[in-house]
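In this document, chain identifiers A, B, C and D correspond to the written order of the chains, with residue numbering beginning at 1 in each.
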Amino acid sequence: MDFATIIQILDSAVRLMTPLLLACLAGLYSERSGVFDIGLEGKMLMAAFTAASVAYVTGSAWLGLMAGIMGSLALSLIHGLASITFRGNQLISGVAINFLASGLTVLLGQKIFGLGGRTPALEGNARFGEITLPFADALRDVPIIGPIYAELISGHTILVYLAFAMVPLTWWVLNRTRFGLRLRAVGENPASVDTAGVSVTRLRYAAIAICGILCGIAGAYLATALSAGFVKEMTAGRGFIALAALIFAKWRPWSALGATFLFGLLEAIANRYPNLDLGIITIPSMFMNALPYILTVIILAGFVGRAIPPRAGGEPYVKER
Amino acid sequence: MSAQAQQSGGRSDAAAPAAIELRSISKAFGPVQANKNINLRVEKGTIHGIIGENGAGKSTLMSILYGFYKPDSGEILVNGQPLTITDSQTAIKAGIGMVFQHFKLVQNFTVLENIILGVEDGRLLRPSLAKARGVLKQLAEEYQLNVDPDETIEELSVGHQQRVEILKALYRQADILILDEPTGVLTPAEADHLFRILEGLRAEGKTIILITHKLREIMEITDNVSVMRRGEMVASVKTAETSPEELAELMVGRKVLLNVEKTPAQPGAAILEVRDLKLVDDEGVERLRGISFDIRAGEILGIAGVSGNGQTQLLELLGGYPEKGSKVSGSIRMNGEALDLTGTKSDAATRRARGIGHVPEDRQVEGLIMDFTAWENVAFGYHHAPEFNKGWLMDNAAIREDAEAKIKRFDVRPPNANLAARNFSGGNQQKIVVAREIERNPDLLLIGQPTRGVDIGAIEFIHKRIVELRDAGKAVLLVSVELDEILSLSDRIAVMFDGRIMGERLPAETTTGELGLLMAGITDTESTPDSAGVPPDLKHVEGVPGGQP
Amino acid sequence: EPALIFDLGGKFDKSFNEAAYNGAKRWADETGGTYKELEMQSEAQREQALRRLAETGANPIIMTGFAFGDVLGKVAGDYPDTKFGIIDMVVDQPNVQSVVFTEEQGSYLAGVMAAMASQSGTVGFIGGMDIPLIHKFECGFAQGFKAAKPDGKVLINYTGTTPAAWNDPVKGGELAKAQISQGADVVYAAAGGTGIGVLQAVADAGKLGVGVDSNQNHLHPSNMLTSMVKRVDNAVYDAFTAGTDLEPGVKVMDLKAEGVGVAIDDNNKALVTPEMQAAIDDATAKIGSGEIAVHDYATDNTCPVQ
Amino acid sequence: MEKMPKWADVILTPLISLLLAAAISALVILAIGESPWLALKTMIEGSLGSSYGWGFTLYYTTNFIFTGLAVMVAYHASLFNIGGEGQAAMGGLGVALVLLYLPLPHWLIALPVAMIGAAAFGAAWAFIPAWLQAKRGSHIVITTIMFNFIAAAALNYVLVNVLRPVGSMDPASARFPESTHLPSLSDMALAFGMEWGKNTPVNVTFFVAIGACLLVWLLIWRTRLGYEIRAFGKSEPGALYAGISPVRITIIAMLISGGLAGLMAINNVMGEAERLVLNAVEGAGFIGIAVALMGRNHPLGVFLAALLFGFLYQGGGELALWTSIPRELIVVIQALVILFTGALDNMVRMPLERLFLSMRKRGGA
């Protein structure tokens, strides 16, 4: 494997990890506030749909992004209603949201565009273009650093940079701000927040809203940056992988970066080597496709200890029964 | 701060307004009427005690005052001014602070983070933390409330966690401080220390409401005391004009024996022989450093000690479930036969089969499955017992019947075996556990903190049962941080400190003072503290008499 | 009244179900006739749908996809008066017409074109799930490519192992990018909705894509080399037109019968050089005459090239 | 003391929730320009209106009972088994191998043997995540998600390269021998001279599923193992105190769970398709999560929830088959039912409780 190949694989990994990272951080906010969310998949899917639809209709990727966020936020609100206001089962609510998004996107898409749930292909400004960072072309020929800068770091859409910027930002918000302190507290022991005179409900709604926004960006990225339009079920299980990454990362932002990078990298490698020829036997494509999942299990078993979720996670805050 | 503003506004009434006045407060939780038409007046600058049986409604009433629950009806006056307390923020602003029975701390936060939670000075934490650090230092000096501000809560002993709760209230500049069963988890020395602080606060003109089950504490420190029973306020009296006996009767509605009646022990053969027991936990900390003792038939061995000195590990190890990953060595013999310390035959089920009963220190986490019904809990740990099973299936009818009988004999209230364990008050939960373990007539009973947070009626009852078991020729290992309890129940007392037994005393021949010294690691032969062996979590035990430099 | 049953992918699958739908629609538009159509929801419904349609008197009943083969074999005998048509599968029953396509031949032509259009000598193939049908496309494409460029290279990827593999344009795009970064400058997508992402990524990179099943040249004019069309629409149209006279037996829709082929229209005309056109015509003729025998992967599960 | 009578909690609350879900669904149907009335009629007639509809409804119900029970058993041990999909797929492989390679003269023999194969393969697929959870602390949610993907890959490989008959285009196994075909309920009815549910896939497995409900009920609420599973699920420290081994319970609960999920293959693979096809599970593993949670983790609840989903599945299938309403509508309706009965149930329960409380107060006063 030569250097150029490594750069290409890493470049691919960055693109593949971006939706995972955004969704993973989305889940992080929600779950650190004590609201479990297995509806990441559904929210991303809904966002992908609304983003693509609005981007197509208006011709603006930015308006699409806004719409993606709105679509995802609407589902977040349902999740909040179920799991915060009405103290329902958070897992059931998440399952319902996944179904809801899966059905509604196609239903609405068929109603609006008549393409069986697809949106028409997006062109021009309806998609997020790739950004060439300053001096990328000038530096391209510098050995080592040149390709790294010009091909790996430069040349992604704005949403990729946003996703990566979210990691230190999330860390900073969680650990350095009042909001973060309260957010973490409410996920560990909501009664401590309540008795401090801060509304548990409001905090959790705020967390869920952030979760919605980030899922919205993730969905918009899938539909308006990575590809050019919505196809039914296009999230293809990425919400669940993001959830796995979140647990893998033990609910911490920097680890989330690492975990999603690992998933992205494994997939990029499997894409690059679809038929690994080991001389004696050729590993069939099915197993190269499953490789990221197999390796995840192995890594999980070998190197990652017990993941302890936020203590109040999954439980509605009930004061009086 | 509105309360202070009004005060400085200067009211011309001759009689100073009460710090707190509650007028016909009522509160129902669904069908349960927790508070019924409660009136209460707490004078400014006093310590006001509130007592009552488990489930009488004390915590509920105080939580209403603190804005945690909303009352169904009634009126609250703070410093003479009517105040609608909608949430804890209002209460805090009115100068009310509360230390809950079950602490409201975030376990994996540092002390400092817990202190500023909810009263941060701005959007960023750094300035708040810096300010809190300063204030904390000041408060620590002023009130002798030392805690390391950077330690996380889960690493602190309960006593220190409570300090954090008090500091939280003081940091919020509370004028009125409510403490719900603050001494339930403290050693006598720590409790004494707390009372000195409370007295100091009172001297500064602050008002304190103290809920406790210990009448000695009421008599010792309060100015006035109110008694609650079944959701109602049955009496409010001046402490000086009452007696423990009278209070007990008011509380329970009948006469209560405040001291255990017991005949001298008639020890028989050794039931349990423990030799050189050592335990290193999975973080490599030595928790037990070579423990040896015997317990004979018909004898209660009391183990005294500040919590965190290995008692928990000792009980868990004897009970068959040392913490995961810990390394164990030494030997245990039961009725002359060795017990396995490792391997599959060292589990709790095997220990039970060998005749060891165990009332664990924490009834809610270990002793009971809170979501199981009372009758299901009666089989907990004994679910393999032949009388509870019929072939492949469990004999639920038999278990239920057994449970009904135990509930009756132990006067568990409400006497409803179908209720989930979590719906019983703490005292009644404890009765269920004690009934289960004692009624099987074990050769050896391990019993940890048998009366923590339990009202006096229930304490009397549980103590009686323990003594009865002893009189039936069984061995009892009693672990408690209550020196009073240890002194009145034990036939022999061993004091644990830092994973070692510091010495053994006979209750008749020792004093709280001497035990207190041993608990701090000071043996009478050498009067200097054994500083080399002080474990990290004991760095702050200055509350222990003699333990302070 | 004829009826059409779509397979689980649904009628808008951007693939052969959609082609079948177009055929039926064309028939309805031209004749003004009506027809029934059904989309499968689950495996267990196949038999239900067949029987219900047969019982309501629909005739002929056409279904798309090999997955119906087993059930049709079971059911057809119960309705001797009803004619059935199945696409992509042979069912040996007296009242069944089995329509099979020689995808390998069409793909062979696409391979020839790819070889001639490729400057790098490397081209790519991206399939959906790794199933025999898709290997037919792959193998034909590779044969055509190798015939024109014996020392060239075909990169092959399959998208996944679950039905999500047919609807994952993101992964499709990423696979295309991976192939392009390895030098591929023509990429053939046989992956349903995933292919949309493949063709998009190829167009974004300024390379050439090859569409599949229906004519997809319009998706990215001037970045689509061609589409390997599989005239499922014609098969359905013919069957509907034949009506109750639908002829039983195996109907092979091959290159000669224009059942498969490469689409050349205004969108890609500029890319098809005269030499390329000549090569296509030559290959078409030779395949027709049997001079070139394009190997069908399905016959023995092997591919002679690579 | 309860806040409201048990019947109100068990029957009234879900009923009102269902009505709410139906009402919102009607709005959705109106919004896409179709008639809710027609939709409802089609769904009910198509799924419950004839023995034919019932034949399908009960077939799907059977699938969901197995996956629902699987999720439920693990849930009692506080293990969230998202791997039903993969375990059921592997169960199918087990059934296929047993039926294709063992000479089984009669279905009465084939059924138990195939059940063993199905359960063994399902359980084996659950074993690794269970072992990793118990011994290494790897989170069961991640590992079971991963194992779903791995199962799909393995099945894809086996069907294409191993079990597919030579020359077949279809990535599916050969048909199972005639002797192993399970009698369908319509055959059984016919034996009693009754014409019921002709050509429907529901088969004798339905009774196996009901038996499984009973056995699981016995297991969880009547056996020592069930007691230990529930105790461990509620409190791990409590379990240790009581001498219950977390490792043992984690593994056993997951084996039972995986085995139950695997057993689903008796219905769809052996009973219906009579051969193994790709994606035979068709998402039933995930529906099992909703079924278990909505069924309040009780076999009776699981049965009722499975029936509800069976109805939605079949009714929805009919809707998509015979009207112009897109099939995705049914997914939306399912989502609404899950949401209202499973997650927003307190929205109905809270006001009801208040109502009953005030009624009692007035009655008592």
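As a working rule, a contact is a pair of C-beta atoms (placed from the backbone, for glycine too) under 8 Å apart; a residue touches a chain by one contact, two chains touch by 3 or more.
Heads up on the chains, UniProt names are A, D = Sugar ABC transporter permease; B = Heme ABC transporter ATP-binding protein.
Being a predicted model, the structure only gives us computed values, none of them experimental.
> Hop across touching chains from subunit A and tell me the fewest hops that reach subunit D.
The fewest steps needed to get from subunit A to subunit D is 1.
> Going by the average position of its CA atoms, which chain sits the greatest distance from subunit B?
The chain lying farthest from subunit B is C.
> Could you work out how far the Cα centre of subunit B sits from that of subunit D, in whole Å?
About 46 Å, centre to centre.
> Taking each chain's centre as its mean C-alpha position, how far apart are subunit A and subunit C in Å?
34
> Centre to centre, by mean C-alpha position, how many angstrom separate subunit A and subunit B?
46
> Two-or-more-chain contact residues of subunit A, please, as numbers and ranges.
In subunit A, 110, 117, 237, 284, 286, 289-290 touch at least two other chains.
> Using the touch rule from the top of the page, what residues of subunit D touch 2 or more other chains?
Expected reply: 149, 152-153, 156, 160, 330.
> Among the residues of subunit B, which are close enough to touch at least two other chains?
30
> Write out all the pairs of touching chains, ordered by chain label.
Between chains, contact exists in these pairs: A-B, A-C, A-D, B-D, C-D.
> Could you please specify the touching residues of subunit D with respect to subunit B in the complex?
Against subunit B, the touching part of subunit D is residues 1-3, 218, 222-224, 227-228, 230-231, 234-235, 237-238, 240-245, 353, 357, 360.
> Please output the residues of subunit C touching subunit A within their complex, sorted ascending.
Contacts found on subunit C: 10-14, 18, 130, 155-162, 164, 167-175, 177-178, 181-182, 193, 196-197, 200-201, 219.
> What residues of subunit A sit close enough to touch subunit D in their complex?
Going through subunit A, the ones touching subunit D are 78, 81-83, 86-93, 95-100, 102-104, 106-107, 110-111, 117, 237, 240-241, 243-244, 247-248, 284, 286-287, 289-290, 293-294, 296-297, 300-302, 304-307.
> Enumerate the contact residues on subunit D facing subunit C in the complex.
Those residues of subunit D that touch subunit C are 56, 59-60, 149, 152-153, 155-156, 160, 164, 166-172, 175, 199-201, 268, 272-273, 275, 277-280, 282, 313, 316-317, 320-321, 327, 330.
> Over in the complex, which subunit B residues touch subunit A? Could you list them?
Residues in contact with subunit A: 29-30, 66-69, 87-92, 98, 100, 104-109, 113-114, 116-120, 122-126, 128.
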